[in-house]
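Naming follows writing order (A, B and C), and every chain is counted from residue 1.
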Amino acid sequence: MTTPPSAAYEGVPPTIEPLEVPIGERGLWRRMPKKVWVGVGIVATYVLVALLAPVIAPYDPLMIDPANSLASPSADHLLGTDQLGRDIFSRLLYAARVDLPIGFLGAFLPAIAGTILGALAGFYGRWVDTVIMRTADVVQAFPAYILVIVLVFALGQGARSIIIAFTVLAWVVYARIIRGEVLRVRDLDYVHAARVAGLRNLRILRVHVFPNVISQTIVYLPSDIVFATLALASFSFLGLGIPPPTAEWGAMIADGQPFITTNWWFATVPGLAIVGLGLGLSLIAEGFEEALRG
Amino acid sequence: MSDFLEIKDVTVTFKVGSTIAARLKGDPPPILTAVDGISFEADRGESIGIVGESGCGKSTLAKAITGLVPVASGSIHLDGVDLAGKRDRATMRRIQMVFQDPSSSLNPSLTVEKMLSELLRVHEIVPREKIPDRCAELLELVELPPSLLTALPRRLSGGQRQRIGIARALALEPEVLIADEAVAALDVSVQAPVLNLLNSLRENLGLTLMFISHDLAVVRYVSDRVVVMYLGRAVEDRPTAELFDNPRHPYTKALMAAAPKFGVKKKPGESALKGEPPSALDLPSGCRFRPRCPLAAEICEQTEPDLTGPSEIERAACHFAWDEAPA
Amino acid sequence: MSGNLLEVTDLRVTFDVHGRQVTPVDGVSLTLERGVALGIAGESGSGKSLSLKSIIGLLPPNATVGGELRFALDREAPIPYAPADVHGHGISIIFQEPMTALNPTMRVGDLIAEGPKLHKGMGKKEAEERAIELMRLVGIPTPERRARMWPHQLSGGLRQRVMIATALSVEPQLLLCDEPTTALDVSIQDQILGLLQELRTRLNMAIIFVSHDLAVLGEICDRLAIMYAGRIVETGPVDEVFADPQHPYTEALMTSVPSFGATTDKLIGIEGRPPDPRDFPPGCRFAPRCDYAQEDCTSADHHLADVAPGRTTACIHPELIEGLGQ
């Protein structure tokens, strides 16, 4: 045999069916692998830090002390100070209060919008599909950063503009994923069965289609939060993000960049903060995927 | 006409391929006629078998009768009511269907109880407080223990899923039950009990059963009458015993010769059915079975034979079907 | 050692599933002579397909194979082999679903020519000619034109013929068939079975044909092995097994199939379902579902024993089987 027949190689042990009659179903939550809880722990720590920042931060994150600029880590300043003499540790903690809400909202809003629009487009087809998906094409054809610049100019700099910009840009991905899934599920026999049973379209969409495609959004969402946080960092870097002097990880990386050879921790530590958040969220995403497949 | 389910000249068409490409070439947009003028009647409580190979339109016919795909022309009457146009919920309820693939016919995110109670609630079959009892009764009807109510489909075996599929159809207390290859995906030892279940449900509930299958032996086991389909048309429509004893259409004969028969020694590859069916988009002139038919003559090229016979219930669509007296 | 082409002794396939050992093939032994067609019948999960795949080494990486396999590559004494050795050297396999088994990015002609190029050292031109020849052999009309087509452009029947041509391209002495006609229409199935039968006599090729369909096996096979829960429970010449089953499971399978030739009053079927491979019952694995089960059935493991010349059964009470009243 010359061509490896993929179906034959992709062996999984034969389906093993439980002998006993199932009494109850283990819920999705009980099926979650451990890594999800590790991820949840990491993300919860970030949330806790954001909430408690005013309590645990030793300094005011905005307090300038020019006499003590670019200090090395010490007992007074755990992570040293920046070019204006502000305490980097305190700024790191306070930045969570900016980055987390923007990251979460900037990912959740487009996810919700995209999922609903994609589901409608896939389920109803025809003109609904045409209108939604052509709009998606237009958004995607537009250079993302130009769109952000236009929006920030129109709405003014700040968290609100950033979140709106993310929503306008990022729903497209969700819409495409979910539309594809809905197109697949729409032709499965259980959806046909629901139609034959005379159920209304909206009920079929809500009960028989939506719950079976939503997993794609859930799997994609955590990585999108990371993406939103990173994008916020690059926007801040370009001066389109959160205006100074507010502490924000992206802006801190930008601030620290000129001093990377002398004070390497200055830019590295906020970078690590983003990486840590990303790790926690990916663990959740992966675990969700496994549990949903399970 | 006292017939309960009356299918008359039903035709179902689909647009296929690119309409734009066809228009650019100046051709009419390609249209595939999946079901081409099928007519038959079924009495209340009768069991009709529909047999044919893939692509013959048997599943499309089932979908047309349930209202899943629109009928291009012809009519479907149920108990004298014309089912043309958009059907309301009460009408949909009267014709239910059991699907082929047990792995995709149940919503993976609903437990058996949620799935059944949704239907009972929406159709107001029983008062709300009686719904849990009714769910358990439905499982009993399909010979499953009530403990399965809390199970998600992936915890069920193929045979159990197929029974749940039948329970779902029965939840709406239909008058017509269409089973589309309902046992094709099951192991033989599981097939038999499901077939027995369908037979007993038909007897006990007075259901009209339309059993669609490629498997002649299975159809013989559950049907009073058999309609054989080829490329969208009915080629033979006769009572089961007569059809199997003395098939009249050469296609029916060939199908029977090709099917491996358990307990009957036969050499494979000796059926008269050579080649493969032509594309439904490019049908031959005259009789559409002509290119593969051992009896093909000149008349077959010119005229498409009608589905006729000595009586209403004995019909075949071949110019030579009734040449010899029925045995 | 006789002139057996293939000897399988005590084949075991074990999977590690989340730290648990599952053995869906548990001690299968069989011998096959040259040119003989052996059918393996069983339901899903019986281990019939896994047994077949372990003969050609197509098991997933988390499987361990135990037991001994011997294959006579030529007329010398049979040698134990690593399955990789027989790839392209005497054993080929065809599958149920030709669409997933044929590489969709290669033209049909190139697919078939690959074997001769790799294993027979043919040049491009020669291998292409050989491919056309093979396509003609398996009855593909206008092979020159179809050799340039992609798998998706062919019908299911033609795709199955292409897969057979691919399998034949390495001139196998043994062709393994894993439900190759299950996905096909009856008329096409009949053609493919006829083709296999013809090729078998022409090329003096042995066949192992795995199927759930007893009627199909009855047409194509000389001998039959019935598998249940990872073990062979009965073997014998096809006609004899059908006429006089010596294991209750064989009998139960036969009474589950609606007869084509006559009106069947009531199918019997089998109560319950096959056991979970994680938890096989002790003794005879069919005993919990068996109408004839006796107390001693569950006591010890029962192995295949001769009941008549050429016939074996794992049932210790074959005398209880009433027969089908034929």
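The criterion applied here is as follows: a contact is a pair of C-beta atoms (placed from the backbone, for glycine too) under 8 Å apart; a residue touches a chain by one contact, two chains touch by 3 or more.
If you're wondering where the values come from, they're calculated on a predicted model, not measured in any experiment.
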item	value
Top chain pair, ranked by number of contacting C-beta pairs	B-C
Most distant chain from chain C by Cα centroid	A
Chain centre separation (chain B, chain C; CA means) in Å	32
Chain A and chain C, separation of their C-alpha mean positions in angstrom	50
Residues of chain A touching at least two other chains	17-18
Residues within chain C bordering two or more other chains	44, 273
Contacts with 2+ other chains: residues of chain B	157
Touch list for chain A against partner chain B, complex	17-18, 21-25, 188-190, 192-199, 203, 207-208, 211-212
Residues of chain C defined as touching chain B within the complex	43-44, 155-158, 185-191, 193-198, 212-216, 218-220, 239, 242, 252-261, 263-264, 266-270, 273, 326
Parts of chain B lying in touch with chain A, wherever the complex brings them together	63, 66-68, 87-93, 95-97, 99-101, 104-111, 118-119, 122-123, 145, 147-148, 150-152, 155, 157, 165, 168-169, 172
Contact set on chain B toward chain C in their complex	53-54, 157-159, 187-193, 195-196, 214, 216-218, 220-221, 241, 254-271, 273-274, 276
